Structures are given as structure tokens and as C-alpha cells.
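Note that the chains take the letters A, B, C, D, E and F in the order they are written out, and that residue 1 is the start of every chain.
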Amino acid sequence: MATLSKRRKPLAKPSHIRPDGSLMMVDVGPKATTERFAHARALVRMSAESEVALRKATLAKGDAFAAAQIAGIMAAKQTAQLIPLTHPLALSKVSVEFTWVAAGLLQIDATAQTSAQTGVEMEAMTAVAIAALTMYDMTKALERGIAIESLRLIEKRGGKSGRWRAS
Amino acid sequence: MATLSKRRKPLAKPSHIRPDGSLMMVDVGPKATTERFAHARALVRMSAESEVALRKATLAKGDAFAAAQIAGIMAAKQTAQLIPLTHPLALSKVSVEFTWVAAGLLQIDATAQTSAQTGVEMEAMTAVAIAALTMYDMTKALERGIAIESLRLIEKRGGKSGRWRAS
Amino acid sequence: MATLSKRRKPLAKPSHIRPDGSLMMVDVGPKATTERFAHARALVRMSAESEVALRKATLAKGDAFAAAQIAGIMAAKQTAQLIPLTHPLALSKVSVEFTWVAAGLLQIDATAQTSAQTGVEMEAMTAVAIAALTMYDMTKALERGIAIESLRLIEKRGGKSGRWRAS
Amino acid sequence: MATLSKRRKPLAKPSHIRPDGSLMMVDVGPKATTERFAHARALVRMSAESEVALRKATLAKGDAFAAAQIAGIMAAKQTAQLIPLTHPLALSKVSVEFTWVAAGLLQIDATAQTSAQTGVEMEAMTAVAIAALTMYDMTKALERGIAIESLRLIEKRGGKSGRWRAS
Amino acid sequence: MATLSKRRKPLAKPSHIRPDGSLMMVDVGPKATTERFAHARALVRMSAESEVALRKATLAKGDAFAAAQIAGIMAAKQTAQLIPLTHPLALSKVSVEFTWVAAGLLQIDATAQTSAQTGVEMEAMTAVAIAALTMYDMTKALERGIAIESLRLIEKRGGKSGRWRAS
Amino acid sequence: MATLSKRRKPLAKPSHIRPDGSLMMVDVGPKATTERFAHARALVRMSAESEVALRKATLAKGDAFAAAQIAGIMAAKQTAQLIPLTHPLALSKVSVEFTWVAAGLLQIDATAQTSAQTGVEMEAMTAVAIAALTMYDMTKALERGIAIESLRLIEKRGGKSGRWRAS
């Protein structure tokens, strides 16, 4: 069965890599301009005790979360300078949100959207990665072993391949 | 017993947050200049089939890995522009390395070092995060669900708190 | 009377702030693309003696003003990296001009324009601010107390709210 | 008397400008490394009504102020990329603070410090300017005519010229 | 003869310079959006011995060339931040290629393309310049006197002036 | 003879390249901090007619040259963000100068200096390259075929290898 399906669908190839193994920036000129959306998520795992200390420290004001949110948004706008073969994009919106989903488990959701000839997955992934690193920077004095778990794409829409959702 | 130890060691507090919840950049002026080292690691999980396609595409040349390595090194040098409350640092070395540790499991190790008044954990974490995102950018056409797992600090040396290693 | 006017026009709200006080980047996707223009102005106040020294030093060539002009133009192009919740914009023109309007009083005018889904006020404001800071940098050896006065928007055109001029 | 004092102290000259009017970056190599400190201040003038709306919007969380604070700190770290003839500096601390000093009058104070061969006035001035512009960006929907007044240096310490305070 | 030709074609003027000698950013707003393409080339001259050492060092992997290629592509995306009076552009493609054209003579070709109101010559020139400097950085230990020769535009297409090719 | 000299001096190897062909950033931590200086030069070749037009356009003010000078200085400060494997450096001085050395032949000289553990060749090379590209940007309307010739290092001082001068 696997063999059959492979015969019909040729093996996918990595982006940005030519047959000889050298790199290239994909030409997005011929692609259609469509609405693009991407949603990425990171989970930051800390001890329940660190969560308490962080919540307590930021009780009066939400500044720690504001810092991580802003860092994520600003990084999304710099994606083309950070990820070598991405295209510069004029994003129409970036969002970064925080939710405690279990004791000591902070979920960070980032979305990016625009109307463009190429997708915004890397913008959402970059936003969530830098927001998570900023949270790490502010909590590492509590517990150096805090880990970012499962940074990944949740959904993307737009372009020739249309909608995709993580299973 | 826990109570006793708590009495001696006051509860740790997040960095960069004042008692009123507002943010601040820590003053590193009074800190001693010592040799600083940090090692961070990310695991990128893909299907065994994607690993084969990636290895095959880059067989002739190592360009895909070179791109991710360079992106990580360049990002480490920009850490102070990405993570809001970090201090600018003149890094003396950054390294980024790749190892296949299991079928479809790519380990990325980054180290940062310098002689400074503050640590280089965020530089190593940023290098490994951007290297992992660059690998994602080059493999997402193979499999959009490739996930970064367990981005975390492995070791740090230098400064008042000395050496720390992940358990 | 105040009560009546309040009933008709609901109280304006700050941009970028949600009802719960957290931040957001406004979604400009649904907005119409129109011609956008903004004009901002700063006044730099120095002693008449400093004006003489500055004019004399730059008599042979206009380099000091060229430096401030270029710094302002380059900063306008970086607005999205400096002001956290602004959108990246492909500016079609930026100008920065200098006029001595009174003894020791240097007026700096900056304009920005493009065709976009959002306004260019922040680009003009950023251009004039960085041009003024660059003039300060070049004159502070003459007189450290030189002050930037009244950095503000003079006019903006385009978008749903149309034209606005400072009274 | 004035004539006498002029004879003893030759007329001050602008920094960065050669006798022929062309520009230069001052060579700070021969200067002593000393503790450097600078404090700059901006006043942002809005209507009392706008102050109420801003305070109300940010009551739940201090995010609007956190955004302006972070923007100011990040800009200070980029001063050498914004102001053409400044030297790159590894800042040991930057602070940005907000105080309502009268109805509708928001005072922003920024300080910068480090141990270096050149002063940090431009870093403090840049921090306060970008923090003020960010506040403008968040309040301009309330009142486009909000003005930054009196952006200036309050104090600097360190270097050959020692301490200076605004009168 | 020269006189005649001058009568028909008025003397060309430098871009970005006003009649009074001051600078300006050209307003591209009124220009038509057309397909833009530019191709620039640099020649890097080294001894035949250095070529052998470089080829030998990079035999196993093409990383040195990948580094120069990526540096060139990333620099092209930053052109508006490097060349003062250029306009920000969302490039649809950038390429950087290497060819040994004679013993010790490395040719670097860069192209840039997009659909825009202004040309992409500076993007191609910047890509090739930074790629060449990166090759120099990696070979200077072999031979400090390696020189970049003849960095120039080869071809440009699009815009009112249409196609141009170096003779 | 050649054999003898080779026995004493092992064949030089490119920097930044490991025996397996992969890249690395050199660890400058163990190197001595010494005074570093580098001087690079570019020649920009245009027709004598273009030189006349450029000189005439900039007669009133030296702004075109000021723009190229500032672009070069600002780029030198960004070298670590442009050339992948270079180390961030706090430059104490950068200079960029212009001389007409023959009809239509503009010489651009850039120097960089600081006290550091690594050399400043790439900073001087980057300054001169970006200054030359900026001159090209301002003169390309006169003559698209203007070429940068012979961008190379003229001299460097400091470090273990000491002084080197181009022959």
C-alpha cells in the first residue's frame, strides 16, 4: 500500500535546496497573492513553585508577559533577517498570547497574518520562539532547567497548499 | 525539613522584575568579569522518511546544515536586540553543531563563550533556537508537523553562581 | 453640553490596548490601501552663540546637516523595529529639512509617504526625532543643555480618518 | 569680562566636524575608561481627558508602559546604529521610568550607564526619545496632537569633563 | 559632435541630489510597478595556490561557499538599511553563485528580482559585495592581499529605462 | 628551495574552516588584546563626464560625499551582522575619505581601529565597500556602468601577525 501511494505522490523535497545540494531562495514572484495565516505554539515547562513565584512577582502588573509578547512581535517583524532564505513580508498582524495550561506549564500561542505570495509560518514560529526565550530569560533565576517543549506549527492557511492543521 | 531550608534560603525571584511588578535591566556594572560559557540544546523531531529526504538532498554538499549553523551564529550575535532585557556582549566564540541521535531525531548543540560581567545563556539559547527554526524552514515542505522538542540549557559556567549542569 | 457630546461620540480609546489592558498589534488587513502622508516637526533650542559656532563649522560643507538628514531617513525606514506595535511599511518617500526660525532655534521638518493600509505618522515622528538627536550629538560639545522642544505631528493625510492638521 | 574669559577659553567647537566642515568619528582610543552615567528626560503633554482614558485602559495591567519601557531600553542598545558618529558601547544598565507630574503631563526619565572610553548621553537620549514615541503611538488615537516637550539631558557623569547637571 | 549630442540629450544628473546640492530620497510613489531584475558581478583575485588551499579545505563540504552565499542573500534583504537613500523592497528572489573562471579568479554573480516601483540594482550590488567580503574573510589567512576586482552591474531590466546591459 | 620553505612553513589554511570542511567561528578568547588598525581602499571608475556632473551637483554642499561617508561608518559598526563568522567589536574609530586620483577615478580610503583580541580588517573592508556602493547609488543615473575596482586591504597592524602592507 505504502509502495502504491509512493508511486502516485513523488517523494517531497526540502525547500531551498537544489538538486546539487546547494541552497537557493525560492522565487515567489510567480505565486498568487492570497491571505496567509499561521499559528505556532510553544510550551514552557517549569516547576509549580516557579510558576507561583512568577505569578506573584507579576501580580501587580503584567509587565513580564508584556515584555515576552513585545519581544515575540518585534522578532516576527525581523524574521527575514533571522532565517536566511525567507522573504521579507509586510505583516498585517502578529499576536502573542499566554495561557497556564497545567501547573508549571505555560502555553504560548503566536499568530501571523498578511496578504502575500508566500506563507507566514516562519513569522509565527519566530514570534513564539523569541517570546518563549524571553520568558526563559525572566525565569531562569528561579530555575535554570526550565525547558521549552514542543515548539511547533499548529495551523496554516493560504497559498497553493491551502489549510493545514497539526493532528 | 523543607520549611527549615526555606527559612535559610529566601524564595528565589525572577530576574528583571521589581517588587512592584515592573521591569528593569539588571545593573551588571558591579559584577566581576569572569570567563562565561553556556551550552544549549534543541531536538528537532521529524519522520524517518523526512530524515532520509533531507540527508539525500544535502548529500553532495552540507549547505542546509551550513545555513542553519550560520543563522544560529548570527542570531547569537544579535541576542541583545532580540531578548529585551539582556546586555550587549562581545562574544569570543559561538558554535553550532548537528547530530542525528535517532531515526528522524536531529540534535542541535550551541555554545557561547566570552569574558564578561554577565552570563551567555541567552546567547546559546538564541543560537540553538534560530538554528532549529532554520532547519524547520528547510524541511517544512517535507513535513509541516516537524517539531522542536526540549529546547533547553545543558550547562553554564562562570559568574557568582559558578557551574550548573542540567540533571 | 459635555454630556450630550459624549453621548454622540463614544470616548476614544488608545490603540493597541485590549479591554483587559493587554497589548495587541492592530490588524490592518481589512483596511483600505490609500495614499498616506505625515509631517512631523521638532524644534532644537540652543544659544545664539552655539548657532554661530555650528554654522561656522559647517560653512565649507553642509555635512553636519547631511548626517542628521541621513540618520533621520534611515531611522524612518527602521520604524517597525523601533516602535513595538507598528506595521512594516515600504515607504515611497521620506524627507528631512532644516530651517533656522529664530536665533538659536533650529526647526526640523520630516515627511513620510506611501500607499498602505496604515498611516505613516510614526515614520515621520521617528525621522524627526533621530535627526534631532543627531544634531544634538554634533552640538553637545558646544552646549550640553541644548533641548529638543515640541516634537509633534503637524499634518497627516489618508486612511479612514482622512486629513488632520495641528491647530 | 566676557572678552577676557573668551581669551582664556577658546570658542567650543561642535564634535565630529573637522576644520574643513567634513565629518569624522572621534577617536576614543586614547581616552580613559571611566564610569559613565547619563540621565535624560522627556515630557509628553496630552489633555487631562486623554490621561484618564490611558490610565483607565491600562488599569488592569501596566502593559502600555511596559511596551514603552522596553522600546526605550532596546533602542538604547541600538544607539550606535541610529546616531551615525557614536561609538558602539556595551551598556551595563539602562532604565526607563514614567511619572505623571501634572494633569496630562507624563514625565519619562531614562538613564544609561557603563564603564567606557566615551559618554552615554546619546544612549539615554535615544532611550527617552523612543519611549516617548512609543507612548505617542499608543495614545495618538485619543488625540493626535499629543506633543513631546523638552527632550533633554538632565545629568551626565564620568570622563574628562566630569559631572554636568542641567540648570 | 559632442556638442550636438549634448543639445539633444540634456546632461544626466546624479540621483538623490537637489539643485542646491542637498540630498533627497526620490519619490517612487508615482512610478509604475513593473517586474524588476538586476544582475551584478564581482571578481575575487587570489593566487592559484590559495585557490588550491580553499578548494581543498572545502572539498568535503561546500560550507565556505554556502556561508558567502547566505551572507550575500541576507545583505540584499538589508539593502535599505545599508544604502541611505534606497527604498525598502520586498524582494521575491535573490541568488548568489560562484564560478572559478581562471586560476585563482573567483567570479561571484548575484541577481535580485521583484515587482516594484523602483529598481533592484542596489540589492544585487549589495549581495555580491557582501558575498565577496565573506569570501575574503575566509581566505585572508591564506593571503591578505586577495582583492575584489570589478564589482559592477551586468544587467538590469524593468522600469521606465527598461533593459540595460554592460558592454 | 620551494620544498625547503614549505617544510618550515606549513601550508596556510583558510580561517573558519575545520578539517572536515565545516565552518566555525574562531575562539578569540585566548588571544592577546592589542591595538588593531586596518586600512582598506576602493577605486570607483566613472567617465570624466560623470565626474564633472557629480562635482557640479555637489558643488554647493558636500552632501553626496557625506552620505557615502556616513553609510560606510555605519556599516563598519554592523560588520558582525553582515559577515557571518566575524566577532562583535567596539570600534574606537572609523574613517572614510575620498580623493579624485585621476579623471573619473575616485579613491575611497577607510580605516578602522580599536583595542581588541581580533583584527579590524573586515570592518575597514566593509566601510569602504558600502561607501563605494553608496557613491554608485548616487551616480548610477549618470552612468550605469560605473565600476568598483580593486577593493582591497592596504595595511593592517596589531595582533600576533603584526604589521602587513600591500605590496
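Annotations for the structure displayed:
Just so it is clear, a residue touches a chain if its C-beta (ideal position, glycine included) is under 8 Å from a C-beta of that chain, and two chains touch if they have at least 3 such contacts.
Quick caveat, the model's predicted, so the values are computed rather than measured.
Of all chains in the assembly, those touching chain E and also chain F are B, C. Taken over every residue number at the interface, the positions common to chain D and chain F amount to under half, indicating a different-residue contact. Look at where the CA atoms of chain B average out and do the same for chain D: the two points lie 33 Å apart. Per-chain Cα centroids separate chain B from chain E by 34 Å.
Of all residues in chain F, those touching 2 or more other chains are 21-23, 60-63, 65-67, 69-71, 74, 78, 84-85, 88-90, listed in ascending order. The touch graph of the protein chains shown belongs to none of the named shapes.
Chains touching one another, given as pairs, are A-B, A-C, A-D, A-E, B-D, B-E, B-F, C-D, C-E, C-F, D-F, E-F.
Chain F meets chain E in the complex at residues 11-17, 20-23, 53-54, 57-64, 67, 70-71, 74-75, 78, 82-86, 121-122, 125-126, 129-130, 132-134, 136-153, 156, 164, 166-167. For chain E in complex with chain C, the residues that touch the partner chain are 21-29, 80-81, 84-85, 87-90, 117. Considering their complex, residues 35, 62, 65-66, 69-70, 73-74, 77-78, 88-95, 113-115 of chain F touch chain D. Those residues of chain D lying in contact with chain A across their complex are 60-63, 65-67, 69-71, 74.
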